[in-house]
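The structure's right below; bear with me while I get my questions together.
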């Protein structure tokens, strides 16, 4: 607690600095794309949010595994704390994507594989959170949601593959990979990387904060129960 | 047959029993007593393996316990005989006539279980115990809704089970008429404390 | 207060009671007795107006009966106080503290009703009777799962109700400790015959 | 009566998000449709109004058995029947609680799902209006169906079977309002009919519900 | 185990037509679709395969909460958990009973509904095959969802929310088989993948179901 408490302000500060810095850099100090005009700047929110949206699920998977194997209480709470964060990142990704899609593809929404898979990921977040909310006993809830997370991951991966099979879409391929030739121009890449790292830090700080809140909430309810006992 | 040592039981986040020691030997019936909310149901469920114990040991042969709870576990759409045959099948038994005899269910044999009165349902649910073929009966208020005659019937079924070398642990508030049953009052073992007084206290320090 | 004359009751297609005559006057408690399956539940449900009688009359002031059956009628997601407040609202009463007092529910006030033991739930369900404000209580095995102390509590709640000019009709298999309650055994009224022997007989001829 | 309404709303919120779940289901149905019929935008655009109405209808349907089942199981329904509250009132209140937790949020969130299914722009307003006007009938009819099947413990299927044919007129006029609205045609007649169905159901069905409840309780 | 299967089948027949109701729901959904999206034959033809798969999926969904709920309420589930039958076995048996009463009859009757929705002729065979191959996964996944939510008394909505995203791959491959089959394209790959999902679900999910059942029972 004290360690995370000590780290938290620094991470927060750094995250805010990088996100704000990266966004300002990207918004005001990069040229407009020759094809996409100013709309290209959505990329500085869209891509980091999308990356973190799927990344969060993997963090939850790892935390759930730790809970199942080691029954480490904090990891269960961390998974619980991460879910809404991931959900919001996913939502931001969907939203900015939709806003971007309007000028780029002429529609708000397109049943493109990547978009679709992302939407399903959003549904998984909803189901996961609904299950947490539905179970009163925290240990029971942790057990059930952990199993759901494991099973859900498998099906999410299958769904991803299935969707690729179903529809080849409009969405961009990887444009930031290290080995391909046609990476985005460096002018775009540097602020983009700043934003991605910033969003990552933001994720860490939010999950830390929420986990701390969850722990305190658990302690509080324990204390209230104790009070009622006495 | 059943050996319980320093068992601690919790329901939800609250510990309700501590340091329970109980020995059940073949041919013995123990009547579990305690005021409402003492923890009888909790204890029986833990012994039956449905809930985990907080600490302590329960020693008994595996697959030796027949549990019967507050609910009847009866399929209202099936007849009495179908209900009983199903459970006999699950427990690998064949013969359901002894069970019919013991609780005088012959007349109700082909009655859909839903069309029976509360006491009749209860009799069916008790008859199930006889088709489990298991030695240790863990019963939670088995005589609810039974009239005097049927309470006596239940008592003699228990006696017969004991005579066959079985054992029984019965939570109840009324007098069962089991002559030499040992009374085990759980009142002394009652406690009310939170299981995890503060599960994350050490995290605050860390 | 309640006047039953030559009542015939059926359950499903089978008539189970015939010629029941019963008078209940203010301040009187009647204990309904009868073996399992006799028809106590059937009779009480008919008096409460839930099922129709086959024939015969039931005379009582409208909206004067408070019924309580085998089921508890408790919402497990709400707290004890919320449960009781709801029923008080439905019956146009305000005060739930007398009910809390009578069944010693103060400690459980803010407990979700689902987190209570069988006996505690039963107490809540009985406390509901006190917030109905109705004079005639029709109770079906009210003391199921109650320990001795709470049976006594129930008995004194009934006594207080009688003293207020109420009346009670209680089906039970155990001794309630109600000193001057009249026992009404329904065994003599039991019968088993099909209600409609052949409803379409005249259609065959026509 | 207000007490019953509040209790029911509170219960459905406690039971893990009365509002959220209907919405989530609606969302999922709208998402699954393209998986079934393929991602072509033009095709989707054409069927979107009808599909959204169907989705709302199914979301309603799934929550129907909650209307009376829980009260039946724990004995509350018997107690309500012997209480001073007339059963007609109980039926109306139950419909209202159901509508507030399903129909209303569905109507409000429908435009969002319209985006996914490429609903033509002119259709959005009519979608919301038609759902607002039409879903009360769904709740009232559903309450009637739930009253008919209460205590029959056969899952939701029998209930659906009984209720779905009764939903046909609402579905028909509702999706007509949307598709006419989307293509700029007149929506007056179907909308009026939709409203008539809702008002009629609300006026008559509570009596029917109360009478079948009485039969089922005895 | 056979005993449990027989009991479950008998129960669902007694409870007013285990087979009939799923079918009837399927029928009604397929009939409602034309009301929702309009009766144009060409349009219907195009969407029919997917709609039929969707209808089957929803019919499955509606009967899911029956899988464990009744056994939970009357205490049978506790008794089964303390019986010599391993809970994994119970889960498999429950899936099997569910499949026999929903998936199987749906697959057999689907061609009839294909007629209503103007399914192209070549699609009929593949519709039946894809349903036969794909519905076991729906039952197994549904059993898992039912085990997760057993005892939560919040209607079918939470269950649907948890289960529907898991149904996506089956739905995708299933309707792909039908539409490819109908238009004469190759169906091998999606059919193989559909079968793989079914086999995988049947092999793994009973363990997951048993473990969450144990958690929910304590």
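Going by the order they are written in, the chains are A, B, C, D and E; count residues from 1 in each one.
The rule is simple: a residue touches a chain if its C-beta (ideal position, glycine included) is under 8 Å from a C-beta of that chain, and two chains touch if they have at least 3 such contacts.
The structure presented is a predicted model; accordingly, all values stated were derived computationally and were not measured.
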Per the touch definition, the chains contacting both chain C and chain D are none
Busiest interface, judged by C-beta pairs in contact, is D-E
Of all chains, the one whose CA centroid lies most distant from that of chain C is A
The distance between the C-alpha centres of chain B and chain E, rounded to whole Å, is 37
Between chain B and chain D, the Cα-mean centres are separated in Å by 44
Per the C-alpha means, the centres of chain D and chain E lie apart by a whole-Å value of 23
For chain E, residue numbers touching 2 or more other chains are 15, 70, 73, 152-154, 158, 161, 164-165, 168, 172, 218
Among all residues of chain A, those touching at least two other chains are 120, 123, 126-127, 130, 134, 166
Going by residue number, chain C touches two or more other chains at 70, 76
The chain pairs that touch are A-B, A-D, A-E, B-C, B-E, C-D, D-E
In the complex, the residues of chain E that touch chain B are 2-4, 7, 10-11, 14-15, 70, 73-76, 78-85, 217-218
Note: in the complex, chain C contacts chain D through residues 45, 48-52, 63, 65-78, 82, 86-87, 89-92, 128, 132
Listed in rising order, chain E residues that touch chain D in their complex are 15-16, 21-22, 24-25, 28-29, 32-33, 35-38, 43, 46-47, 49-51, 53-54, 57-59, 61-63, 65-66, 70, 73, 152-158, 160-161, 164-165, 167-168, 171-172, 175, 179
Residue positions on chain B within touch of chain A in the complex are 12-14, 192-194, 196-201, 203-206
Residue positions on chain E within touch of chain A in the complex are 144, 148-149, 152, 154, 158, 161-162, 164-166, 168-169, 172-173, 176, 189-190, 193, 197, 205, 208, 211-212, 215-216, 218
